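Shown next, in structure tokens, is the structure this report addresses.
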Amino acid sequence: MTRSALHAEPNRRDLLKGLSAGVAAAALGGLSPAFAQSNPYAGLKGEPLELLIWDGGAFVDNMMASVQAKWSAVGGGTLKFRKVPFGDLDRAVRSANQGGAGPDVFLANAPNVITYKKLGLIEPVTDMFSKEDLEDFFPTVRLGSEIDGEFYGPSTNENGQALYYDRQLTDRYGIKLPETLADAWTWDEWLRVFKEIQAGERKRRGNEQFFALYPNMGNTGLFFSGIFPRSAGGKGSNAWKMVSDDGLKSSGYLNSAEALQGLQLIQDIHHKHAIAPVSTQKDMFYNDQVAFFCGVPLYLAPIKKARPDIDLATAPVPFIKTPIIHTGSFAWLVNRQTAKMGDAKLFVKFMGSPEGNDVVARGWTSPPIRKSMVADRPEFKTKPMALFIDSITEWSVPRPKVPGFSELDTMWSRLEADIVSGGDVKALADDAARRIDAQLRRYA
Amino acid sequence: MPHPTAASGRDISRRNRSAAFLEGWGPALVFLCPALVMLCLFKLWPIAEAIHTSTGTFDPGGQRIDTAGFDNFGFALSDSRFQWGLWLSLAAAIVKVPVQLALGLAAALMLRANTGGNALVRAMVISPMFFGLPVTTFVFAYLFDANVGAINAILSGIGLPRVAWLSTEAPAQLLVLGLSVWRDVGVTMLVFLAGLSAIPPQIAAAARLDGAGPLALFFTITLPLLARSFQFAVVLATLASFQILVPVLMLTKGGPTGATDLASFQIYETAFSYFDLGTASSMSLLLLVGLIVVIALELRWLAVKWTYE
Amino acid sequence: MNRFSSLTLRFLLAAIFVAPILLALAASFRDNSEMYRHAGSLSFWTFLPSEPTLDAYRRAIALPRLPMQLFNTVLLGFVMATGTAVSSLLAGYALSRFRFRGREALFLLMLFTLFIPVDVILPPLFFVIRDLGLIDSFWGLALPFIFSPVGVYLIRQAIEEVPRELDHAASLDGAGLWEVLRTAILPNIRGAVIACWLMHFVFVWEWYLWPLTAMRRDDGQLAQVAIAGLIDPLRSTDYALVFAAAILTIVPAFIVFALLQRFLTSSQATTGGK
Amino acid sequence: MIAMHKLVLRSVTKSYTKGTTVLKPFDLVAQSGELIVLVGPSGCGKSTLLKLIAGLEKLDDGQILLGDRDITDAEPRQRKIAMVFQNYALYPHLTVRENLAYPLRRQKLRMPAITEKVAMVARQLRLEELLDRRPSQLSGGQKQRVAMGRAIIREPDLFLLDEPLSNLDAALRTHVRGEIRDLQRRLGTTMIYVTHDQVEAQTLADRVVILRDGEVQQIGPPQEIYARPANIFAAAFLGAAPPNFLAGRVINGRIDVGQASLPFSDLPGECRTALAGREQVYLGLRPELLRAADDHYGDHLVLHGAVSSREIVGNTQNVYFRTDTACADMTRLSALAGRYLTDELVWTTENSNTGDTVKLAIRPEDILFFDAEGQAIGTHGSDTL
């Protein structure tokens, strides 16, 4: 490795930077005396950091610009970005250190943390967070990043799930939908409503291409559709677990009798009930072509922008037996091979702090990762956001914790697409489980 | 320049001065150098690397952890999915090659005259080539969407049922192959155009005097004389059909239920989604061998035994 | 076949090949909701914008890295096409005119590499580039494809068509090996060289997986790969933006192609005549 | 301006990798200003020899000297040799002017000097009108002149011409032949001229080199080769038509040719001694040296024949006839002559009033004698170096 040695002596420019950081810290300290007493970012060198993130266009760019501003304010250096398409993120992380110095910090899909830990790609940051910090995180934020007692990095945000819909539409049919988790409906109850609304709207619009539900499948892997088999089993059942406790086996879990029921439902909503389009385009709800849209809070703002005319409402996600949603998002992780370990760790600490996370969570129009931050914001106490928050606290679980999550997710997507296309569910699930096991075995 | 004429002195000097002649490796090497260096570095080395990789076991981070001998080959060959993928790749060639050749030949025959209008149509036939694969694939994804795509709008508009292009087996196969043929017909046409222009006009004239009608002329003179172009076009089309990847990657991901699970896609997935480099490399080499066998067979069937004088 | 039906046939042929591109062009002048409103059923507006807007182009031009990435694509096209043309010209000259042991074998070996599917050797190629320390660099992208068996084949065939007496005359007239190539052969195979250049220039627009693998800096990335990144799995895809950006990307290739396309159809370009 | 450039080839040998010998050790001295014509059937190695001299191919062994320089290993461009190719090898992408200027530009001459020389050569070869045309716009004869112009413009030490007339029609060929001869005389440059046409060889050459299968058959002035060919091949090659070959038997001081017979006493002295002691010989009778016989020709060889056909060529006539003396081993003779021979004989005559039978006589000193291997008897065919 031809990486230049660590700067033992700060040069003049670093000194200047440190000075300005000190000024900034002093300024902040002036506002908050407690902060001035113990600067949590002491030791920050202000080195430029390189981040590996996925390319989310202007959306991510704007957010990261705000992060940069705040990071500079606490004395951090410039942030450089290495951007890859979302679908290529896992490969980019795994091959980041091949061919020379990799980026200092990864923004990775959170369930991959365990994989990257197994492959020795990331450095724990447990020492950056106090016990209070960890307890302040939502449970899934902490659980998702905690392996063998070490914490590897906070998420960017939290992600509840709910069904978006236009209240005018349900009013037209005089249907009263559940508003809170306590009143949540099962799929059977929903199906009746879905069918009724779809039939009525098709007739009214004279358009056979209007659908009841966009379940948000395709390209998003386990996040949305993985809850179908999981919710078919009781809490703690094999179907609910999806993989064995050691994370190395899916046979008997993913293809258990209960799970098959959930998988069958995926097929049925497309074929037997025909209430969901097979299209993989995300735009159908935005463009008034489906009645219900299963999504995360992130969609709130764009939908409001695209459909200012509708009375946007949310309802709890349907379930079969056990209500469940997947949470967890992207996690900030420190590259184990970074030459700027100190600053990189501090950056991750910063991103897990209320000030750092606030920028990102707001940028994402999503709940933040700390309970305390939710408590501070009144908009989280009213609908629609309140439902997302509730789903996080009451229903949420991290995605299945397996080494090789990416492999699992790839095969899941394939299984899901095959099921949607109308293949034999049991045969497909058996084959998928067998193949997933073969891949997971490599991590044993 | 005066030179000693003694035989011994001359022999030595000749060896030294042989650079003056077009003989021997010395002077050729100067000109071959760039190509040779590239050939070795970026064609042969990767093959060697692939062979080396194929004999190893790798952890999911891409680190070699063990030697596997021929286990990876055995594993790949005994995997029903890969067997199916190889068969699909072969089937893709079996369908694509004749269709593409027929279309390319028809286009070449239609557009062989050198008029301005023909030049324009020729340019249009070639145009998919330079619109780039990612973009064209994305355009196709937009056109062929089951619910909001223009193609289904047309179908339903003229009273035909909508087709779930990407989630029904035969239509998905049709789409992937169709996209590939659509893109590559231009190349085939160019090959045939060149072949047609190489046929001396006297031969056709002679055949016409010998009593050949337009059909007889085509089947007894034009087609046989295009044999070399045929060979070249078949090889190119076969290569292309074994390399169909981006459409599968962007549109179908091998599905639905394995209908487009081509060997090339499996190799990509094994290497870049599962990071099973050993297996992926052995799969690559197996596909390469398969490709060479297929092309060798084709060249044997299409052997050309005549030449123009 | 009468004149009318032959014209119709040509028109249909042309339509099949340009229609998808034209639709994308039309779509780049609309916005998403307008597009979707007409997408489900057949009407004039299924294909054409009812309220044309240049908004997508404005946003595409405003993409911060697109100009740089487009420059990368074009520069790479020039470098690769020129590199390929030059290396093929030199190799074709040596393989056609020089006599040395193993010449035919070397030529066959070069042709053989045509059979190696590029996408299939991506992982080992990545390792080679990595070992050479060229990952994430312009040359890492370009170098592996500067040698092209098709180029060598094309140019060698073209040189074979040039009578040997011409080199003989030139060398007796005082030309050295290089001058023979430059002054006697090159002017007579210009068509093939330009065809080779053009083919490899356009080839860059085909690239997707290789730059995705070997280039991990977004300011060094190629435009078409970056555009594929605009297709966002998490949120709704902005089709108009993607198409507008794609059309912008295509423009340089299209201009170069339009200028040079007549060389592609000349006979010596594709099979060297015989 | 006579340049003193003698060309010396010493045991020049060439064979290709497959082991076929193209040129057996070859020796030749071309005197300065001499015009040597290399003739032979196609594949005899004459073009290879030319390429070796030009440096376009590498010789296996031997030595080439031009003037006082050893050019055996020199690059073509260092040799100061100009060559005119069969297909002229004009640069198709250059105009006539640029074609002519090409060698000068390679010599890095200044532009004014080039322009001047081009103008001079164009005047000399009547190319002024054509200077701005491209080769594709020229007729065969014009191309030929441009090729010559490109050769002479750089004032080489040696000219090589490789069948320069073979692409021209018959009438033009005679004309251009004369021009080449004049030009060579005027410039005084040594010239090696390759052709397969014996007429060119006879009309142009100071000396002719006859080649067969990479081996020299005879070197000498054309008249001498005509009169005293070294072997059947040379005899058959040079002359308007090949001689009529007959088999003869030497018996008791005379030669029997079928029913005709010729006593030794009628033969020149050197022939007589050479024939003595042999059994089987071949006789070569040049058609143009036969004459209608009457009884005066007692000391001539006289043949009787039945006419099979005749063809009129201008004011002469070729009369084809058979005799009872016809030779049986035409296959052997054809092989020795390197061309197809029939047992039909031919008589070239100006007198067309002959009947269905002929009686023809030839002077004994005009008869060519060859041994069973086809080598001339009684004459020393080739001159030595």
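Note that the chains are named A, B, C and D in the order they appear, and that numbering of residues resets to 1 at the start of each chain.
Just so we're on the same page, a residue touches a chain if its C-beta (ideal position, glycine included) is under 8 Å from a C-beta of that chain, and two chains touch if they have at least 3 such contacts.
None of these values were measured; they are calculated from a predicted model.
Q: Going only between touching chains, how few steps reach subunit C from subunit A?
A: When the steps are counted carefully, the minimum from subunit A to subunit C is 1.
Q: Going by average Cα coordinates, which chain is farthest removed from subunit A?
A: Between subunit A and the rest, the longest centre separation is with D.
Q: Of the chain pairs A-B and B-C, which one is connected by the greater count of C-beta contacts?
A: Counting C-beta pairs in contact for A-B and B-C gives the edge to B-C.
Q: Based only on mean CA positions, could you tell me how far subunit A sits from subunit D in angstrom?
A: The separation of the two C-alpha centroids amounts to 94 Å.
Q: When the centre of a chain is set as the mean of its C-alpha atoms, what distance in Å lies between subunit A and subunit B?
A: 41
Q: Mind checking the centre-to-centre distance between subunit B and subunit C? Centres are C-alpha means, answer in whole Å.
A: Computed value for the inter-centroid distance: 15 Å.
Q: Averaging only over C-alpha atoms, locate the centres of subunit B and subunit D and give their separation in whole Å.
A: The computed centroid separation for subunit B versus subunit D comes out at 55 Å.
Q: Which subunit D residues reach two or more other chains?
A: Residues 55, 75-76 of subunit D each touch two or more of the other chains.
Q: Mind pulling the subunit A residues that touch 2 or more other chains?
A: Residues 95, 98, 209, 281, 283-284, 289 of subunit A each touch two or more of the other chains.
Q: Indicate the residues of subunit B shared as contacts by at least two other chains.
A: 23, 147-149, 156, 272
Q: Show which residues of subunit B lie in contact with subunit C when the two form their complex.
A: Touch residues, subunit B against subunit C: 22-25, 27-36, 38-39, 41-47, 49-50, 53, 107, 110-111, 117-136, 138-140, 142-143, 147-150, 153-154, 156-158, 182, 185-186, 190-191, 193-195, 197-198, 228-229, 232, 239, 242-243, 245-246, 249-250, 264, 267-268, 271-272, 277, 280-281, 284, 287-288, 291-292, 295, 307-308.
Q: What part of subunit A is in contact with subunit C in the complex they form?
A: Within the complex, subunit A contacts subunit C at residues 52, 55-59, 61, 81-88, 92, 95-96, 98-100, 207, 209, 219-220, 281-284, 286-289, 298-299, 302, 306.
Q: Taking the touch rule as given, give the residues of subunit B at its contact with subunit A in the complex, in rising order.
A: Going by the criterion above, the answer is residues 59-62, 81, 145-149, 156, 164, 166-169, 253-258, 269, 272-276.
Q: For the complex, give me every residue of subunit A touching subunit B.
A: Per the stated touch rule, the residues are 90-91, 94-95, 98, 115, 118-121, 208-209, 211, 277-281, 283-284, 289, 403-404, 406-407, 410, 413-414, 417-418, 420-423, 428, 435, 439, 442-443.
Q: So in the complex, the part of subunit C that touches subunit D is made up of which residues?
A: 163, 165-166, 168-176, 179, 183-184, 187-188
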